[in-house]
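Note that the chains take the letters A, B, C and D in the order they are written out, and that residue 1 is the start of every chain.
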């Protein structure tokens, strides 16, 4: 736990942009709620197809006004529009698609991520909900997607570590995270540990280490985030 | 083989106490709200309900909860999104009046799919190393760990359809498809409420989402007026 | 084994008619090859829906001339027409439907049937094919259908028993047969053994017993087949 | 994301020796005959082929058999209907040149479905007490016996489609659907030959049988001229 003064880093929209830049053309992606949702703004017009686990491919922008159709929502219950080449299918099909490895990039939020690539994103101890909570589709997505990225604030609103040696919250999945994108840094999860790759403007490696529980490996080509 | 019932009340009239019922729908989308309301009027008790969420978006489920018709829920997303809001179901759960099983989304619907497909169980990688795995068998297959999950078949399924014919063939609209097809297939008696009821031959046989063999009852309903959102 | 003079009994079309009369209105049926195929002629116009395991419901008559569509065949590779309310679906869906118990009546041919309700219909010892053979969809259908009926000649062309204490041919499924319809008789498979229910015109219970290996229980209301 | 290839030869050009390939089609119906012919021209060896039948109705498979490109087959109906007729595959099998696994129809396609759906294995009641059960684990579930069958994923799938768009979305025609959807989903690289190739947006998004995410390559072919029947 830490009580250091909070470092600002980059805003949530910029975290989303940094993740968007990591996703190559020709990818199928699934975006979780929170910061990941903002990524859709940055990939609009690019050759990237968004899947919604409710059972839809080629998900477009949020629907507004006349576009809104009560029969066309995403997994967060927001109305969306379809893009050309869209398809609709059942949840059973959708979750089979997720488990089967057809999603190239899944970007999720998290309460905690460990240096082993574990993460916790569905339940908070002390919520009073115990082992019963809103699991949703994240466990399936986490075990199935080819690349699982976390996009989140580096620390909690109380300044507590979110990047830990071991998660203390109930896990979503074990050993699945490839990269962590925060307001302060881009961190790779590797067999040797967490590798600090990029820093937000004005942030030092020491700043990041101070708000990260595990010892970070400093990349030989550590650089400032490019956006 | 005309499966048309005159109204939702007659379509649910014979459901006995103690039944298990799967409800299609994903939050506000594609939920069988008219059948759910009819079941609240009908009053069957000690129900096991199978539904993605228990009264979040599919608010009509709360009629059953508030009537104390439900004793057990099998679900994926039981509670309000915010931990500070407590749904009627969460209140009853905390009071020990109902019980609840939660599964990851894929496991939740795959259990029903397996049931309808006559399979006994399956091994899934989802949930390994999490609380979901508590008390469950695991197996290494080609070096990867999987959880054993069992098939499940409810007695009834309540299905909301865009179009159905009198033989029970169904076409869903867009994301209102969601859990509906596999829930219908898993149930011993699938009951379809349809916004449009057609004669056999009026739908493209190549574009049927749910073949009529899976459907026992069809009832015409209005297109519901839905306010999209789950924070309400 | 028996070498008694062969009893004619009723022709194959009449066996098919007798089975057809056993199937109530409102049923979903799947018909195997051989005598079962002939049943479709007798249920035409009735409120019975035929499923083909290739992935089709509301199968109609065999297609002829201009009706023939190379993309519309049954599981025996014969062109068929669709009836109003037809649907097409994948084989995976179709076989799930069979296993899942949605077919009310499956009528199959057989090489052998046992008094326990086992039957053998996919491979003949001495065919040179060993354990490798054309299994097709019959094993799924046999374990899944609510009622599995056998429609066949009572004995082989060589006059050998086909209704046995135990099948000697490789099994299709164990303990699933409910009724056996032959050119000589209608026999129920019960927990107590085979019950002789009906006789073809001109055939006696002794005639049937003579060409049936297990001891038959004679039904209290044994009667002539009604057609 | 344009997945269109100029012709079938380029669509199969990179398939290496030793690959496993699933072939859609049920006897004469919906078989990927143009891709199969291209693979015969391409010449990859030591193939594992996954197909309902091995050269019965889908006669083009015999090009691969006669070229000695196949070392193993996973199938449901390997031989000619009549035991008195011996197909090229049956001859090679008896000569010990190829090997063969046969599964009941439902298990055959469910193994592929499980593979594509990321599952490890499943319990099916089909084949209990038969030669199919030889050497396999069984489990009693609710008093009923089931066989354990494992998921399978081939490297490639050859798929025949009625309509496809350049993103890989597919609509099949009638019973030409058959094994095609699940084979495409099971494979790492699904290659679609389509009688009609459309632009994205030209097909009803509600009526897609195989979403484009499962398809890596699309190639335009003519509508084949097929003689229906398996005794030829």
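Keep in mind that, in the parts below, contacts are C-beta pairs under 8 Å (C-beta built on N, C-alpha and C of every residue); 3 or more make two chains touch, one makes a residue touch a chain.
As the structure is a prediction and not an experimental result, all values here were calculated from the model.
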item: Greatest separation from subunit D - chain, by CA centre; value: A
item: Cα-centroid distance, subunit B relative to subunit D, in whole angstrom; value: 33
item: Intercentroid distance (Cα basis), subunit B paired with subunit A, Å; value: 29
item: Geometric centre distance via CA averages, subunit D-subunit A, whole Å; value: 36
item: Subunit D residues counted as touching two or more neighbouring chains; value: 110, 117-119, 124-125, 172-174, 205-206
item: Shared-contact residues (touching 2 or more other chains) in subunit C; value: 82, 88-89, 96, 98-99, 143-144
item: Every chain pair meeting the contact rule; value: A-B, A-D, B-C, B-D, C-D
item: Complex contact set, residues of subunit B against subunit D; value: 110, 114, 117-125, 139, 141-142, 144, 146, 150-151, 171-174, 204-207
item: Subunit B-touching residues of subunit A, taken from the complex the two chains share; value: 52-56, 68-75, 77-79, 82, 88-92, 95-96, 98-99, 118, 124, 127-129, 131-140, 143-144, 170-174
item: Interface residues, subunit B side, partner subunit A - complex; value: 26-30, 52, 57, 76-79, 81, 83, 90, 93-94, 100, 102-107, 109-110, 112-113, 124-132, 134, 162, 172-182, 209, 224, 226, 228-230
item: Subunit B residues touching subunit C - in the complex, by the definition given at the top; value: 1, 115-119, 165, 167, 169, 185, 199-201, 205-206, 208, 211-214
item: Residue numbers on subunit C that touch subunit B, as the complex places them; value: 25-26, 28, 47, 49, 51, 57-58, 82, 84-89, 93, 96-103, 143-144
